[in-house]
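Take a look at the structures listed below.
Shared between the two complexes below is subunit A, which pairs with subunit B and subunit C, respectively.
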Partner chain A sequence: MTTVTVDKATPTRKVKYGSMSRDRTWALRWSYFFLVIFAIFSLTPPIYMLITSLKSSAEISAATNPWWVFHPTLENYVGLLTSNQFLRFFWNSAIVSIFVVTITMLISVPAAFALARMRFWGSAVLATGVFLTYLIPETLLFIPLFKMFAVIGDWTGIQLINRWYVLLILYPTLTVPFCTWIMIGYFASIPKELDEAAIIDGASWIQTLTRIFIPVAFPGIIAATIFAFTVSWAQFLYPLVFTTSTDQLVMPVGIITSLIKGDVFNWGQIMTGALLGAAPPLIIYAFLMDYYIAGLTAGATKG
Partner chain B sequence: MADVTLRKVVKRYDEVEAVRGIDLDIADHEFVVLVGPSGCGKSTTLRMIAGLEDISDGDIMIGGDIVNDVPPKDRDIAMVFQNYALYPHMTVAENMSFGLRLKRYPKAEIKSRIDEAARMLDIVELVDRKPKQLSGGQRQRVAMGRAIVRNPKVFLFDEPLSNLDAKLRVQMRIEIKKVHQKVRTTTVYVTHDQVEAMTLADRVVVMNHGRIEQIGTPNELYHKPATKFVASFIGSPAMNFIPCRLEDLAGKLHIRLTDRIAFPLPPARAARYQGIPRTDKLLLGLRPEHITEARPHLASGMEAFDTVLDVTEPMGMETLIYFTLEGSQVCGRVNPNAGAQDGAPLRLAVDLNNMHLLNEVTGVVL
Partner chain C sequence: MVDVALQPNRSAAQAARKRSSLHRMLKRKSTVAFLMTLPLILLIATLVIYPAFYALHLATLNKSMERFVGLSNFEFLFRRETFWLVVKQSCIFAITAVIFKALLGFIIAHFVHNIPAKGQRKWRGMLLVPWVIPPAMSTLAWLWLFDPSYSAFNYTLSFFDIGPIPWTGDPMWARFSVILVNIWVGAPFFMIMYLAALKSVPEQLYEAAAIDGANWWQRIWYVTLPMMRNIIAITTLFSLIVTFANFDIVRILTAGGPLDHTHIFATWAFRIGIEGSDIPLGASVSLFMVPILAVAAIFILRDVNKRGNES
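Moving on, here comes the complex of A and B:
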């Protein structure tokens, strides 16, 4: 009713409204422009990988249009998926990632809860310290770490180097600090009254964590899980340094070491392996995307 | 059900004393409201009773037992928070039963308690909803329901109505009073709204700067305030304070407001104030309803004077008038038919039977 009166009384308003919507149109055009550029940049490599993975070695080295497949073949896929070696890499990667995600969550969720909610001596310093740990790059750490594990092996006889499970110790050094940091942020956004209500209702700290904080911060936990999985799935430096035997390798390193022989690059299979390797994170993203987006917007509304 | 006692309770944050030695006895079944401006220590006091804050000094007793070091869950209290603090992932019924489920009550017992509380609060049809599907008033009812089902010794309310709009606040105020009449649980209620305090409380505790200014029934606080702070905090529009001094004129004790205006005191008041030195700087405290239009025949203790009004505010059943006396703005309440107009002269009368005389320096009501 009000809009009708406004339109009748002041037709100039309509023009103003129109100019506002013109601004909006331009904003949309610019955002689409940059989104398209972004999409081209990020999609070109995987498309090129897909094209190459469908070619035979002869066609790859032939001087034809590299952006077109003249004789599509699945031989690279068949070759990889029937190779025990490649399946071994895939299996190692999967086991390592699942264990690392589990270990990370078991450590970082309670740690974040303690740092965010239980005020104890030095908790603020510790919270900052956790984040600073994450800032130290692995390129600085891998030599000292290697030395450490070697010494531990000498002293105790526990062989860690060149065993896939050494990665279960190494990856959490990357994932735990960051996931803890994410979860501190999520837990901090939960109103203080919620845990006070729980405490008055008779919940212990553990019950407050498991029955209130984890369900309420579930989107944050999903975000942290995705992060931890991606990091451990894609990690390259640590497995390259710490594992050498083919049966201990994870996929990123396995593809490089087994498909590059001297100066001979088996490009078709390398591309196929990389594509297949990118599949699990993609599938996980797709499944958890709804939760993830809910998590990103969790703080937006009150209550 | 239990009484609550505070003995010289102190709360210190590093150098700051938020609560400076509070003594308070709350009887069984009593509804006590802690009221005061923000930062007066009322919420801190409540949170100390709840056990959410440690006590720096003194004792808190619930049902005769000292609970200083008893954790909140063992104090058998329930608390309603300003922002409701409902668990967002649980339904209304789950929210209400959370405490009982933690204590492993039998399912049938939990269900019957939820049903009873839901009926009492008129939220029966909401029990399967999530908090985000509820309005503010409904959320606050659920928060109260969560307190009621626990059947605790003490209810603690921390500004429960502050997030609601004005109309809903009045409605929920009545709801809270009804609930208290039914369950009769000892209640400590914190608010900064003096109207809420007056309407809900059996007794009101007025706090300021971490101390108790006065404890009393709503009527006691309104009619016999002990200090200037209480006198100005309770009542709306607030009490007027006019600088004055006592003077003997023709053998009778007068109160002099300006060079032109001096009123003889009624006999009872004259006797009461006789001993005050005539040189003391005093304040005359008069509530707006005791400054009215002058009628032809003034009752005893009423004194008339002429003034020019600055502003008038017609409220319908009455008109609020504002005028200036010795530099201070004074508010009065006149009949809407008294002819009060902005900038117009009007003959007013003050009711000195209901006056208060305060020491300007100490703020104590004499």
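Moving on, here comes the complex of A and C:
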């Protein structure tokens, strides 16, 4: 078996025998070989997006080699970036994400501070409850929420369904529990002496939070912000259910409902839209990979 | 302060005393803490807990939501063949996808752990890309890769005299495609978690095992796996919840077709509840996710708490 050869030498890497180091070289070669295969598997769809986005519709329907661009063109990008509709989707997505990130941090940072540092009646139960809430998927709640907002609309006349701002109410249910949870972990890892010193110096609890905890736990705040942004940017179910008019849609739903017209798939533009929709999270990931991974692993490992 | 403004006639001393007592109250640790968590509590209560119970209520109404019908929505579902198809498919989908994600993640994590530390960052960065792209966007790319007439996979396979494969047209292949995309999206998450766990296994344990003459397989079975057991359990259960409740991938790739053969709970609930405007029946369908989610959640909670106590 190939895998046997691969790992044979792993644990003995400290031992320097001649045959062992040869085994090690082979193990390395096999590792790289499989990593290349997995990397191809991982990167095929995004690269294929890029390839298709550079093709004209004529070239796509000519069914030439799909893995190669013979006549690269930017017409798809120009077409989308000059279309008011697409820019509207992008704008809606950006506004929703920025607001949701702000709301999330405003709710979850103080709550996490209180739950991590200020023991009060029911705080342990609440912390567990936050974690459980994080485990409730949105697919369980979208139908009652839809009905709830419809009823609110009937009773008070406040129209929430089919308005982009309804997403500002819905998305925090997905982001706040997780962000609170990882912030509890980060806050709990701060030494107790720090806030005791601050309290002795006469700082109020709010001051302790803003002057000490937020600066010290800044990496955690960045990780939580990234998470909140990615979740609200990528969310698909809620906008699909709650918004329908083209001027209220966000990117993922907008691309799918507006670029697919009946059975006509304009694949060049769809792939361009998908790539542009994937760009903001990818760019953030490229620059802040370590924070991204820290947030990802903090969720299940608890600080 | 508010209380001063409200009582302008009181004497200054009284006001000051009153203010200071309110001030003290506001400064009390538990009050401050409660006020800080209040938005969180309100959010969870009104937008998570209330809708969850509202779903229970909705499930007992008739289609026009005027009349209480008890459990007849559930009875209706039990008599429908599609419902049992959806149950079966949800289980197949979640279990197969999670097993393969866990296996693949474990294997990739080992390979990444195997190479020199200098290059690990680069590989990890590349392998995590599927997790970073919004699933709705990447599933579109898969949909295009699976396209019936222009499929790039079929183009490639035709050189090996295979195919054309009806990726999303045939029930079995459609199930395969949906699971494949799910694995593609989810495996990097496992990889990252396992990699973090692998790094935390002390090197001395492997040295001791090597001295005792353990072979490659024994080292994984008796050292790596026990050390990683907790993280494997948490990650798998967590992924089970997310996969079981998946919506984006199935919705975009097949929309439940062909002939309902890839519908899972979430997509079927959407089809019935939102597209078919039968909100009570849709709510009943989505409620069937609760038991399995609850079981997984209880186990996760136990493991997470255990971890907390250990440290």
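Definition applied: the second predicted complex is superposed on the first by the 247 of 303 C-alpha atoms of A that agree within 3 Å, B and C clash if a C-alpha of one lies under 4 Å from a C-alpha of the other, contacts with A are read in each partner's own complex, and residues count from 1 in each chain.
Operating definition for what follows: a contact is a pair of C-beta atoms (placed from the backbone, for glycine too) under 8 Å apart; a residue touches a chain by one contact, two chains touch by 3 or more.
None of these values were measured; they are calculated from a predicted model.
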item: Partner with the higher number of touched subunit A residues, subunit C or subunit B; value: C
item: First (subunit B), second (subunit C), both or neither touched by A:Tyr165; value: neither
item: Subunit B versus subunit C as contact partner of A:Ala114, first or second or both or neither; value: second
item: First, second, both or neither for A:Trp26, with subunit B first and subunit C second; value: neither
item: Which of subunit B and subunit C A:Ile60 touches, first, second, both or neither; value: second
item: Contact residues of subunit A, present in both the subunit B and the subunit C interface; value: 301
item: Complex interface listing, subunit A residues touching subunit B; value: 191, 193-194, 196-203, 207, 211-212, 215-216, 218, 301, 303
item: Subunit A-facing residues of subunit C, complex; value: 27, 29-30, 32-34, 36-37, 39-41, 43-44, 47-48, 50-52, 54-55, 58, 65, 104, 107-108, 110-112, 114-116, 121, 123-138, 140-142, 144-145, 147, 149-150, 152, 155-156, 184, 188-189, 192-193, 196, 203, 206-207, 209-210, 216, 219-220, 231, 234-235, 238, 241-242, 244-248, 251-252, 265-266, 269-270, 273-274, 279, 282-283, 286-287, 289-290, 293, 296-297, 300-301, 304, 307-308
item: Contact footprint of subunit A on subunit B as seen in their complex; value: 50-52, 71-73, 77-79, 81-89, 98-99, 102-103, 131-132, 139, 146, 150
item: Contacting residues of subunit A [partner subunit C, same complex]; value: 3-4, 6-8, 10-12, 14-15, 27-28, 31-32, 34-35, 38-39, 41-46, 48-49, 52, 60, 63, 65-67, 106-108, 110-111, 113-115, 118, 120-121, 123, 126, 128-133, 135-148, 169-170, 172-173, 176-177, 180, 204-206, 230, 233-234, 236-237, 240-241, 252-253, 255-256, 265, 267, 270-271, 274-275, 277-278, 281-282, 285-286, 289, 292-293, 296-297, 299-302
